[in-house]
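What follows is a set of structures for review.
Common to both upcoming complexes is subunit A, partnered first by subunit B, then by subunit C.
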Partner chain A sequence: MVRGGSVDRSIRRAKIFALTKGFRGRSKNCYSLAIRAAHKALQHAYRGRKLKKRDFRSLWITRISNAAQEQKMPYSMFMHNMVRLEVQLNRKILSELAIYEPRSFQALADLARRRQSKGLLNALK
Partner chain B sequence: MSSFHRASQSLRTHARMWYLIDAKDQKVGRLATFVVKLLQGKTKPIYHPAADVGDFVVIVNTQDVVFTGKKWNDKLYRHHTGYPGGLKEIKAKDLHAKDPREVLRKAIYGMLAKNNLRYTFMRRLYLYKDKKHPYKNNITQELTGPCKPAKKLQDYTPAEIENYPYKNLF
Partner chain C sequence: MASTRLTVLTQFVKGRYICQLQRITLRYCNKGGSSRGLREYINSNAVDFAQKNPQVVVYVRPRPYRHPSIIAEFLNGKHKAISVKNLSRAEINNKVEQLRNSSGITRKKMKRWWHTDSPSIQGVWTPFDSLPYKNY
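Presenting the complex of A and B:
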């Protein structure tokens, strides 16, 4: 006896093909390849969402470091004094200041330098 | 806002600098790390690893670079031709005699990330064995290398040699 497939077969397939639209080769047309590619793509996307946060933070740190070096100051000294001064700008905003408002960043660096000179280590000298 | 307009706004931000560096008495590795940062644009707050924001670097007097220790005699540059028994090696001293720019070029090339941007960065690097170079009109800034020039024994006065700190240790 000939049996029909499951009722929602085409719907389930369409869901997968919607995910694999624009993939390379037969991964976009052939279901057995598409389902594998879709699962892998979702895994990559899951991992990518976590990595994005780390990658951006490291990029901001590099940019702040470069801008601090322009002000003749290491990154660690700049950030440490931002904490001591209770400047509650995060690394994203600080890196954007460094790009779009270099004078504001310079003012922050001057503040940091002044705070550094008031530190305990310099008092002992 | 159209991207065309944006680009014209940021022309000065993205303008490339031309740096001139004198390699006399500079240690090869230390100078190379210094130059790699400039080539990659790691001196700018707009740095992005995938974007090409590096500067041009002209290095003169590469014949006077310095290796510490016995590296001129001991350091080997190896490569394989692909044929059986094709491992070629050349001493740093001999390579330097062959082409006085090659030691520094290899050091910088090896320190850049191994991707397609490496060739772009290397194209912006100009090495000259002596002080002559054809880019005088392009240079925007002259930089001093990371190493202080070495002081030779002849440069010390007899009084300085007499009062050398270690003499009165025991």
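Presenting the complex of A and C:
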């Protein structure tokens, strides 16, 4: 039979159940299952915060790479020349320019191309 | 990109400030101990609040044998009920001022802390931008 527990126990468990809202099946309502699910969820959240930074950067790079390819240059050449020209725009902004201000991005690509040819000429001298 | 939550909030900044609180109902019990603060508030501060804020309609409802609460109704139709059980007069004053200053928008985590009506000036990218030959 189910006996009433102490007040402290319910308060302690309520904190876990607050974390398991929306979980599937008994993991949201049964304490033994819920603590395991809650701890795993917290671990996933910890890891996810670090992965999010990586994922967004790789998304931005993919977008810049595609936009640069449209301007007939590889991503590596584009970014290398941005660095050489000391353009302080980061990948996030460059990807947003590529989407919302394509002409500006085209101008940056032309800039990168000119810097690339100048660098080539300097190397040949 | 534009954020819909912030679009609603910017409405208040655009023109003249309008107090978003429409009605406030103070529900108290004549005898209960938890209502003491609210009773004191009604006797002292409620009239001042009503006079200072003519745009807000203040209702006072006695509700016997129940804990006291305040219900706020906003111009966008949202209701907000807060329990003022065992709060002091000063705390209730703070709560009422808080309601007076708030909009009726439900609190929610901001996804984007900026808003723009014109996300793109040059026009959003289309696949046809960089094609060499226009045959469409």
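What we mean here is this: the second predicted complex is superposed on the first by the 113 of 125 C-alpha atoms of A that agree within 3 Å, B and C clash if a C-alpha of one lies under 4 Å from a C-alpha of the other, contacts with A are read in each partner's own complex, and residues count from 1 in each chain.
Please note the rule applied: a contact is a pair of C-beta atoms (placed from the backbone, for glycine too) under 8 Å apart; a residue touches a chain by one contact, two chains touch by 3 or more.
In this text the structure is predicted, and so the values were computed from the model without any measurement.
K.L.:
Tell me which partner A:E101 touches in the superposition: subunit B (first), subunit C (second), both or neither.
P.N.:
A:E101 contacts subunit C only, not subunit B.
K.L.:
Have a look at where A:Q71 lands relative to subunit B and subunit C in the superposition and call it first, second, both or neither.
P.N.:
Second partner only.
K.L.:
Return first, second, both or neither, reflecting whether A:N29 touches subunit B, subunit C, both chains, or no partner chain.
P.N.:
Neither partner.
K.L.:
Is A:S10 contacted by the first partner subunit B, the second partner subunit C, both or neither?
P.N.:
A:S10: touches no partner chain.
K.L.:
Have a look at where A:Q43 lands relative to subunit B and subunit C in the superposition and call it first, second, both or neither.
P.N.:
neither
K.L.:
Does the superposition put A:L59 against subunit B (first), subunit C (second), both, or neither?
P.N.:
first
K.L.:
What is the shared patch of subunit A, the residues that subunit B and subunit C both contact?
P.N.:
Comparing the two interfaces on subunit A, one with subunit B and one with subunit C, the shared residues are 67, 70, 98-99, 102.
K.L.:
Which residues, counting only subunit A, touch subunit B once they are in their complex?
P.N.:
59, 62-64, 66-67, 69-70, 95, 98-99, 102, 105
K.L.:
Which subunit B residues qualify as touching subunit A in the complex?
P.N.:
42-49
K.L.:
Could you list, by residue number, the parts of subunit C that touch subunit A in their complex?
P.N.:
Subunit C reaches subunit A through residues 119-125, 129-130.
K.L.:
Mind pulling up the subunit A residues that touch subunit C in the complex?
P.N.:
Spelled out, the residues of subunit A in touch with subunit C are 67, 70-71, 98-104, 106.
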